[in-house]
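Worksheet: the structure to be examined is printed underneath.
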């Protein structure tokens, strides 16, 4: 009973690593449009989704973060020509590995979000938050 | 390391949702951190406050917790410079767009603001001063392609006083425009408006023209490109030749002329057309009797040599060799133009088997008074005057099944022009145009189409042609449809003109890879931004204009050439260029030389370097690096890192959340 | 060289001469054609316009039966049957969903293991044009032939993988091994309206008229075909065409196998040349090809 | 002809089924008319092939099924081969015919074609192979035209081209089973 | 055997190579052999006890002329090395040996090693000379090569976590897996670096997890399934299970198998926009 209560009141700590050209600007636009979304995600800005080394996923999880989101430009829109294409492959492979090792897939997410997709950004944050809330806290390394 | 955190209220934009005071208090509890707040941090008093705190508290790095870095990062970087700090010691915590504006719960929003600020502090702790790299600019421009776009760009740049080099692969500049008869919608003669431009370019002291030449290699970076140009042997001495024309009058070898689209002859020694610039012939080694005899028997003296015998200037040099020229350029303009679509893939239109099914470019030559028929519209098969002509639009345009899904933009207009010219040549001729949609978006274009239909009585039929074949009497039967009336239509024609579309040049891919211009799936060059940077490319210092980017008519090509030229001039007006210091760098001590970094780099910015111990390691060519960080993620040993976004910085940021 | 053989309904009735000549020619060339035991009708157009699964199941049934002959390739003469068999094979090989349905309908497991080839392909590619030339004993010099392919041999290219769909040349090449001249004419792949021979005879007459006209315009003396449906339309309906359109066509429509047979010196009776409505005998005698 | 255009018609079951069955995007057609230009039978058609495609785009189920177009299609595939948008028009015609066959809709003017198809298939079902004499006889009987082509008959018989007795295959029952199972599968879709 | 010895002798005699690295037998055990002179070459052997992947020894012979005796699986590592510019092709001479399975060192019965179960490379795909297999060529077991992986994937995630947690708890961070792996040739492994510290050095749950994830990930698209890491692990962690998972994913997602060719981009560095877009449906929002 007590455990359940804790789960309901659980506020996950989430990190979003965003590329500065598309996703970060999309998130800014969500602010300019005054959309409302869950406050759990802290955003970290990098130049390109290609900068998002998959090892950040692992380091985040072993640092007790409950969920990590990578977000970059849509395929074909990368400011650096093809960075997101490389990022996609790396992410997918590493996510498969982490899942195989027993990580919940909800904790490891990636999205494409363009500078004009403010609504999509808000939806992404909300659904990631809800999914991780359902999954519960990440205390595998505590 | 002492870090100052400055939290902005932004009026009430931030403070209405976030408890600014709590953020300041929480941050100030961190070791080595000083924190304060202000109503408008970006205002002059706000900035001055930061400056005085930097000086007073001897701050090493500054965090501004305010609006998005997209807005005021530059502002605050300048503030840091004024405070005596390196501008890259700044971090911004975005607590407005990504916090106060998107959340309503005051406690949670404040908590998030604290997290954002702490994350910025974690990063700033590992910040290093960065310094923009300064490079010089070689004030000379390479223009690849000597068509109307290339010529215009060269004229514009040279008239501003800068050196320009045109490299053209054909024996003369002029490009496709030189082949046209008249231009739409004004019907001025193409040669009459092009030739003066060609002459202007060739006579300018600042323009150097290499015809019959190709760019073999381009290296370097903005301001400092190195090009290797191969000037092919034309077997005629450019200095000695006077262009008198005796050689090609005497030459006994006749072959089909490429310029006349195989409708007329040229000699083995030839200038492609009368107004050629330079007016110096080339010898076509493949067909020349001398070269053929030499190939068969290298020991012999060689047959024929009539041109050599008759040349009054002694300009024929059979033993000329290709010349390689290496030059430095500050900027490159690519204006390689297009190729006409080859209709061989249209089996239903005869796949080139019917002589009287001609391409638009061939028809252009038939119309031209200096063309193979002196401007008479004669059927290639039997030289009879063609009285009924069917024009078929969209051959090699808007046809996915033939691999050309796009609209070539100019065919509607040139077909209308050709139909009009036909009617002017032979007033009682019958002209039919099969079209799908008429695209006449341009100044006076729609009016032109109207004239062709109303005044000249050209009959437009809305539908594609399904089959063209020769009937027993030598006429061509065109089987099409008129979808507006819903009927099948058959026309017995003397000649059919296919409005062949514009496709990319076969060299586009090779050139694009060499210079670093991406190309789309139709192999046209991709501009840097489809709206805001239509003449720029992903590679700094390289510009595009004309039909190599996408099918364009003459006014658009000329306009884009001017745009490209003005970008080059903007570049040349600077003595030095500053390069962004957010770049990759290699720790060569631990680099394995596996070159996964090179495999992923979209800019070819990774080079090999051989160390003293003979091991081969990676090196970043800083001027080519755009700082995307792809190589960093690819490196298994973290030997590469991105200044300003190091692995360590990001890990600290992640761990600041614990 | 051993092939399973699918004659098809027409070759057992209205187009006996195609069956006879194909077998004669193959025997001479040492190509063994073993008739697939208990082959069934391919379903032709009526099947694929009414029931999709059935139209694939019928050909597959024959292909399964062909396995019993031990050959891995099935030779087909009729262009319509060829098309149905090849399309069924294509779906089995490329569409797992359809394959499952077809197998369920047939009640057996078939994975596309039998390849389908038209006799033209076998002669031109497997046997080889040069080898074919070597087998010719009489030269048919002076014979001007229009090769008529019809619709179903070449279309759609994605599935048939046969030849160029607008200007095929494979039959021309095969016929030219006999020394006969083929004409370049635009009617090669025009439609004769085959499936409407009985229901919409009027349409067929118009289309046949066009084809015969194009062939005679191109200077052809006879038409070579590789499909019994094309043959019966052009041959059987020729008197009607003449009557309706007031024409005087006297254009023999021969199977390419008959032409090959003549050049190999096979007796014309064995080639069924007496079975044509527009008799070629007089014409061939005039050319000194048969006595 | 006035037609009430609404969303319901545009997204009707008809439009969706034709798209799904033919695996084509109907809306991809830009009405160039090349299919109609090359069609050997377009002359006889009430609506030309491109018009039929347009009518499907607009969801005009009734008009499409009432037209004789699909029944006159000779399946020569010229349209598909030449379509610049890679739309399989011939397949769409097949799908339309099957759609109509399932629902028993045949326009009176071309009713003889589906009748022929039915007799043809029954023929195969009975004998496993085609029995031409029976086919033509039956067809002429059913279409009320018993003496059509009657002059060709003896000519062909004497040339040995017509079998008086149908050829039969040994395992005719298997063929009946295939017919039965195909129909079941067809109807379960 | 004679063929092998003759080849080695010839190479050494003609000074084509400085050393031949092969297998020899000492007191009933098969061990690696370095042969420098033709007269020593008689000791060389090859049979199903020759389990080691000798490509690993290239780490110490990077710029030297050597000949290596390699099985089909081992030779694939050479392709990866060439892909990553670690050696020059002309410096090494590959004596490929046709192989139909090596023994399983860890299990008592004399069955074949697990990796041989689905071997597709009986003959190396890169070699300068091939020594033919003597005796019967028993084909390997057919069937689904990734059956065990698929079954493990079906378990609920907490069971998977518990399994690996137990396995990783055994890890003593001896790095034998790294030393034996021919792909782990880094001058300085990132586990040894603390700026940035990707991997916690202590043998805790966290440190062990980090190490094993990074080790496996760095082999994505590179592991040639020689099975050496698992064989070398003193505490019997089923490391090949992780490697095989990645091999499976590389194959299924990108249609790529490591070590097939020397002149292609590794799938992890490569992309095919049209094909990759299909990944998005399931994996990326």
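Observations
Order as written gives the chain letters A, B, C, D and E; numbering starts at 1 within each chain.
The rule is short, and it goes like this: a contact is a pair of C-beta atoms (placed from the backbone, for glycine too) under 8 Å apart; a residue touches a chain by one contact, two chains touch by 3 or more.
Remember, predicted model here, so these are calculated numbers, not experimental data.
Using the contact threshold fixed earlier, the set of chains in contact with both subunit B and subunit C is D. Ranking all chains by how far their C-alpha centres lie from the centre of subunit D, first place goes to E.
Across the two candidate interfaces, C-D and B-E, the one carrying more C-beta contacts is C-D. If each chain is reduced to the average of its C-alpha atoms, the one that sits nearest the average of all protein C-alpha atoms is B. As a whole-number value, the distance joining the C-alpha centres of subunit A and subunit D reads 54 Å.
Here the CA centre of subunit B is 46 Å from the CA centre of subunit E. The geometric centre of subunit B is 51 Å away from that of subunit D, both derived from CA atoms. Centroid to centroid, with C-alpha atoms defining each point, subunit A and subunit C lie 63 Å apart.
Of all residues in subunit B, those that touch two or more other chains are 348, 467, 600, 634, 647, 651. The multi-chain contact residues of subunit E, meaning those touching 2 or more other chains, are 198, 268-270.
Contact with two or more other chains is made by residues 165-166 of subunit C.
The full set of touching chain pairs reads A-B, A-E, B-C, B-D, B-E, C-D.
Partner subunit D is touched in their complex by these residues of subunit B: 348, 394, 398-402, 436, 462-467, 479-483, 486-489. Across the interface of their complex, subunit E is touched by residues 54-55, 58-59, 62, 75-76, 82, 85-86, 88-105, 109-112, 124, 127, 140-141 of subunit A. Those residues of subunit B that touch subunit E in the complex are listed here as 589-596, 599-600, 614, 616, 634, 636-638, 646-648, 651. Of all residues in subunit C, those touching subunit D in their complex are 9-10, 12-16, 38-41, 43-54, 57-58, 61, 101, 104-107, 151-152, 155-157, 165-166, 189-191, 193-196, 198-201, 203, 206-207, 236, 274-277.
Residue ranges of subunit E in contact with subunit A, taken from their complex: 152-153, 157-165, 198, 200, 205-206, 209-210, 212-214, 216-217, 220-221, 242, 245-246, 249-250, 253-254, 267-271, 273, 276-277, 279-280, 283-285.
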